[in-house]
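To keep things clear, I will list the structure first and then write my remarks on it.
Per-chain numbering from 1; labels A, B, C, D, E and F assigned in written order.
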Amino acid sequence: MSLDFRLVDPLIRTALDEDLPWGDVTTESLIDPNQENELAILLKQKGVIAGLSLMERVFKTLDASMSWNPLQQDGDYLEKGTILAKVRGNAQALLKAERLALNFAQRLSGIATLTHQFVQAARQGSDSVRVVDTRKTTPGLRYLEKYAVTMGGGFNHRYSLSDSILIKDNHLAMIQSAGRSLSKAILTARQKVPHTIKIEVEVDRLDQIPEVLEAGVDAILLDNMSNEELIEAVALIDGKAAAEASGGVTLERIAGIAATGVDIISVGALTHSGPRSTVSGDSQRSALADFSMV
Amino acid sequence: MSLDFRLVDPLIRTALDEDLPWGDVTTESLIDPNQENELAILLKQKGVIAGLSLMERVFKTLDASMSWNPLQQDGDYLEKGTILAKVRGNAQALLKAERLALNFAQRLSGIATLTHQFVQAARQGSDSVRVVDTRKTTPGLRYLEKYAVTMGGGFNHRYSLSDSILIKDNHLAMIQSAGRSLSKAILTARQKVPHTIKIEVEVDRLDQIPEVLEAGVDAILLDNMSNEELIEAVALIDGKAAAEASGGVTLERIAGIAATGVDIISVGALTHSGPRSTVSGDSQRSALADFSMV
Amino acid sequence: MSLDFRLVDPLIRTALDEDLPWGDVTTESLIDPNQENELAILLKQKGVIAGLSLMERVFKTLDASMSWNPLQQDGDYLEKGTILAKVRGNAQALLKAERLALNFAQRLSGIATLTHQFVQAARQGSDSVRVVDTRKTTPGLRYLEKYAVTMGGGFNHRYSLSDSILIKDNHLAMIQSAGRSLSKAILTARQKVPHTIKIEVEVDRLDQIPEVLEAGVDAILLDNMSNEELIEAVALIDGKAAAEASGGVTLERIAGIAATGVDIISVGALTHSGPRSTVSGDSQRSALADFSMV
Amino acid sequence: MSLDFRLVDPLIRTALDEDLPWGDVTTESLIDPNQENELAILLKQKGVIAGLSLMERVFKTLDASMSWNPLQQDGDYLEKGTILAKVRGNAQALLKAERLALNFAQRLSGIATLTHQFVQAARQGSDSVRVVDTRKTTPGLRYLEKYAVTMGGGFNHRYSLSDSILIKDNHLAMIQSAGRSLSKAILTARQKVPHTIKIEVEVDRLDQIPEVLEAGVDAILLDNMSNEELIEAVALIDGKAAAEASGGVTLERIAGIAATGVDIISVGALTHSGPRSTVSGDSQRSALADFSMV
Amino acid sequence: MSLDFRLVDPLIRTALDEDLPWGDVTTESLIDPNQENELAILLKQKGVIAGLSLMERVFKTLDASMSWNPLQQDGDYLEKGTILAKVRGNAQALLKAERLALNFAQRLSGIATLTHQFVQAARQGSDSVRVVDTRKTTPGLRYLEKYAVTMGGGFNHRYSLSDSILIKDNHLAMIQSAGRSLSKAILTARQKVPHTIKIEVEVDRLDQIPEVLEAGVDAILLDNMSNEELIEAVALIDGKAAAEASGGVTLERIAGIAATGVDIISVGALTHSGPRSTVSGDSQRSALADFSMV
Amino acid sequence: MSLDFRLVDPLIRTALDEDLPWGDVTTESLIDPNQENELAILLKQKGVIAGLSLMERVFKTLDASMSWNPLQQDGDYLEKGTILAKVRGNAQALLKAERLALNFAQRLSGIATLTHQFVQAARQGSDSVRVVDTRKTTPGLRYLEKYAVTMGGGFNHRYSLSDSILIKDNHLAMIQSAGRSLSKAILTARQKVPHTIKIEVEVDRLDQIPEVLEAGVDAILLDNMSNEELIEAVALIDGKAAAEASGGVTLERIAGIAATGVDIISVGALTHSGPRSTVSGDSQRSALADFSMV
């Protein structure tokens, strides 16, 4: 999968507008407008890289004639010190673009790296379980963050509220406050929505599973269950729907969850805590990557 | 300081477009369009809250007649379990808005809480040092993230490349690659830019300080120096410019840095690692706040 | 389902910009800016109405203080001469808005009426078959046109290329040109996409069905088959996937197709030939509805 | 006249956003991102083609390096089976673009073909009469639809409410409700508007013509008159203004109307019922053109 | 005529974005967010006011609850010291809005005042001559500037290149460079454009007039002619087309030009030298550069 | 400094939309779409040119293949009759672009020329004084107009309300209406805003200067003072802050003001009366209206 820049360019534009509302007073007063330089992009911490083509796009948005030489590719797991790419062109444009390019790439690489860690850990418990993301993404960056999850070896859950039914706790509470049952609600929903839409339902008790299966669903989200409950839930579901574990999934717990036999494990932390995975105790931690002049 | 929604509404709009490209198939097929409910917003982890008015704005964007009852205010340090606000209105609109409202507020509150922790820690070393942010913000969210820093008791550094001169390592490298000196460059810059613009210069060696002071600057960024070097740097600067420490600033180190006498400590982690501060080992960590039906 | 004006307002805005780039020279030079009038909206041809709230929105975009009194509602099947609504307000605003309001409502009502006719005809052959739309919609109006289909008693197919897999003839041709088989392609696709995504495959020969079923799909689109072939296809599929008939579906043929036992009949004409359904031989045919002063 | 893509690109963008909100799950999971193919665009029904350069623009918006080889040109009357163009390039881009390209071209070609039919029919009655469009266009597509009318041999009426005065029935009703006369209103209008603006007035009775001519107008719209009335109207007008027939114009009636001596015949059906012209009884009717792999 | 804010709001938005990219550091750090004040708007120089409702819109864009009390109205000729309006509301919003409100109103009032002066002067030579504007407007502000011209008692010429034909010197030069004659070109144009479009032709020699009249035009622009030539031109035209004088029109010359009997005098200075309103001087000074064909 | 077209392209787009909402009816009906011509751009009045690259951008926006041959450069002082540039390309595109290109360049060159005159005049009184602009710019054109000031040898003041503190008369009035002192307000402001922000305060009496200096500011704006007062103010300030003279600055007065020893002279007329450049007269005339607190 490659990035569709039609979806990304407005974000680059917004970000340039906020960082360069009317020019770069430092660069424009210091650097000869005709000077050229080359920057190397160094990885300062090991991990999975994501966003190389996005960095290229940022540089070329500032100066279309910039030359970009990528030495690695998105999804690669790389060691600290690796040179990711070299970029050569107008010195003013390089200086104006570097921070934004890093702000994008560090965030995406953080997500990819954390996803990779969860996937590796999950493999200890299951060869086939999917680690998937959630809708807990940064407002405006969902497309990029879901891309980063796939670069780290994860899978995407639904993209938005429009493309799949997921009946969650607050839906259920509101349905019941109106005096209706869950199974009736599921049937109603299926009669209304396009035949191309799947239905998933969140349950937090085992005794809800038979009713839900009866009503007919494509997947069941098992929320905040213990591993023992998950094992029982998988047995109850028995292949009649996909089983998704969710809630409280940590790097420490995920192998155990995977071993329960669920098909899918969703991890909100992939996107809402992404950068964390890539920072450690040392002082450079925020700089997953940085530029240095060649 | 209150949020200027002229600057925020386009972001809310973008976020709604990505989460609701053509409707909420779950809610619209399940919930009566005329049903009303009330949700309470609970804090699931202690910390500083930021973004209450933004949550209100999200709900009212979905349904202008929504009633919003805030029980706390931005900048408050609150205990787990506190009810932040109640919101009552059309049930479909509540369900469509809740995730986006949380995505915003959790991020901002994470930043405010982490800033608060850095400020508290810095107070151990100095009563007056400013903890400030950087340009390492999420693309598109700078205005909101800088607001969150102030809610946590921090201060803002420059907003963008347009409003202040900061001569950094790559500028210096490029100036020197063109055969010019730093002090000459500073003088040139001052002659060109508006008289309303301040000049700050990054140094990473003590011996650069006299040259920089001689050229005349408003602030000096002391990059990645040890506390001993910082003490010496403060003595060399001697009040002729503001002294800013930067690089490798952790919660553990900040009191020591503050005690060196610097005026300002900039911490990139405030914004690029914000959410991290608010997550702990338990399974609910991602939910700084959550909704539950009243 | 009610219209989400967040998705519609940009279209109203675009349409006003094209019809009123700098004012209405007729109205502004003739009508007193403070004059008020009332218009009644009359149905000039029997059919299903769709777009009443959209008309209201157009009028209120021109003048927020306009009073709108709807006498019917979307989805109603109404006789020629029925008054749909009355609208009262500033005379200049009424005159500026009327054509655009009609342009929207006539198109949507045409689609709703044609859909209604197809659904009525299909009921002769089956009580449960779904009549669904396609992606053959007017560029920019998909959301509205799919809404109109539901007002006519039809159902929607997938909304876009993003939310559901539909492997069509050109996909197959390209897959085969690359030396791969359809069943292999289906398996690959399922391994890549979110677990929330359904897979449908277009076939035009009966002998493709077993392979497709074997690979595992949620629905099979039976393209341009005779009724005899459809009957055989339904038998082959045997409930293991949804059966969708498509291609060459006319008002005359649809009862026969419905009687074959397929679950779904998709009709491109619903949206690409919508207005046709509502025009007859007389001279007023284009005016499904029109305004007259009260 | 060639299309000005400055006016069309926003529409292409909107249409891509609605059809590809975050990617094409089918194509991206099935087709090698580096595969290339060629498609031929075949006319499936005889008629006048319009929108070839627009199709090219759609393909190149998806992939700027696409090669486009047009074999016909807009305005040509072509037989079923004609190859309109060939397009070669990235297979994923071809598949993503084809439906949108067809949605545009089928609509425009439908309008061009229907216009051609009206023009041909009108030629039976008059060598010089103009067949013109109206403001009954699809919201957002006016520029394209008016272009298509000219490709079919028709002429445009005014573009918008801003560029020409046309006093219609509802204007007259409102003028009279305010106690003013039509001739007074015409004089007032002429005194106010730029000298570059023409004035046309709609009448539905012959006895209105002398008053209107007296007041001085550039054109008179003769609404829903019989051919006999039109002949009398033309005599009354006697070249002092352009005579435009409007209302109830069908393919059957237009020759007769043309023979009355009017200068202009306006036909709302050109744009609001466009696609109809190109559909016939067979099952392929909706596909004015279609793609097939070369 | 009142302003249509649909056309103005984007400009207010753009202007606020450029003046308040992320807040007003002065006001927000000095003024209590809940403080209220009232401002009076005083005229500091006599003249015609234009833009009062625009000022109101600017204030209300900053704070919808602002109260606006207009004491005069657009088009009034007022003495220095007159209070135009009072505005009361949030003190921060008042301070943020005042400069932008003035920037708009001063420009529009300058144009209205200058137009008024030209109209008054022209009345010395003719009771009926129209003083009209040109397309020499500020990019982005045409709608507002043409409004201001009418407030000063002037009339508008065509709005844009789309709504009226005006064949100017460079058109003629290019037509002739292609070996065609002006009269042939006029005929061709009339055959192509909508019947609602008028045709005006620029001539700079008397001997061109008969040819142009022969070809049939609605107006003739008499460019840079002496009063003697204008008198002769008016005689030649003899009411068969409108006669427009243009070029070198100053406050001193305009009465003489008006007295020649032309119908229209166009004055580029109305908009391109608007603020000058209150300035006198020669007429060509604003045309720093112009095109002429090689 | 070169123009950043990211900031200018939206303005070109807006301006094309207002001048060419749906085409150029003159050019498109007269000129062969394949014809090519060349235009030379002549200076019709001596002065400083600004906006050459902007003209190029306008032409290339209409036709990317246009060839542009600049013969002079921005900031040059040139004699009447100088050829500024030649542009060759599609004749239709040349004709569509010329007016907009001129509208931009004439305005910018007017500003540059007037700035040049003020700077030359100021040099009679001081070798080092800066002539600076204000926020009295055309809404939407600030970036371009501030660029033009620098091309004329002037300097920019702050760009917007966001980047520098300037406490003006209305701020002071509102502060005092709330019972607070100026010096207290200055201290409060400094404690709140980023350390990168300078503080300037407007005073209109000499006795305010010691209090302001005491509070600590970076610059003092001396409003509407006589030359004698300015001399005294400079002595009082004594280098502890920058001294800026403002108000009533004319070409006649500026040398005298410069000779008082102030560092900066701000001239609103540079941008709000730009075209005047070539016009002389008194300095206050452009301020038709202003605010004063009730």
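Note that in this section contacts are C-beta pairs under 8 Å (C-beta built on N, C-alpha and C of every residue); 3 or more make two chains touch, one makes a residue touch a chain.
None of the values given here were measured: they were computed from a predicted structure.
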Self-contact between copies chain B and chain E, residue sets same or different by half | different
Which chain is most remote from chain E in terms of Cα centres?
-> A
Which listed pair, B-E, E-F or B-F, duplicates the contacts of B-C in over half of its pairs | B-E
Which integer distance in Å separates the CA centroid of chain A from that of chain F?
-> 46
Between chain A and chain C, tell me the centre distance in angstrom, where each centre is the average of that chain's C-alpha atoms.
-> 34
Just curious, how far off is chain F from chain D if you go by their C-alpha centres, in Å?
-> 47
Report, in whole Å, the distance between the mean C-alpha point of chain B and the mean C-alpha point of chain D.
-> 53
Where chain C touches two or more other chains at once, the residues are 18, 20-23, 143, 159-160, 162-164, 166, 197
Under the touch definition given earlier, write down the residues of chain D that touch chain A in their complex.
-> 13, 16, 20-23, 28, 33, 61
In the complex, chain B touches chain A at residues 10-12, 14-15, 18-27, 29-32, 35, 37, 39, 91, 94-96, 98-100, 102-104, 106-107, 135-143, 160-168, 170-171, 173-175, 177-178, 185, 188-189, 192-193, 197, 224, 247-250, 268-269, 272-273, 275-276, 279, 281-286, 291-293
In the complex, the residues of chain C that touch chain A are 130, 132, 155-159, 162-164, 166, 194-198, 200, 218-219, 242, 244, 263-264
Seen from chain B, its contact residues with chain E in the complex are 1-2, 4, 6-7, 142-143, 146, 159-160
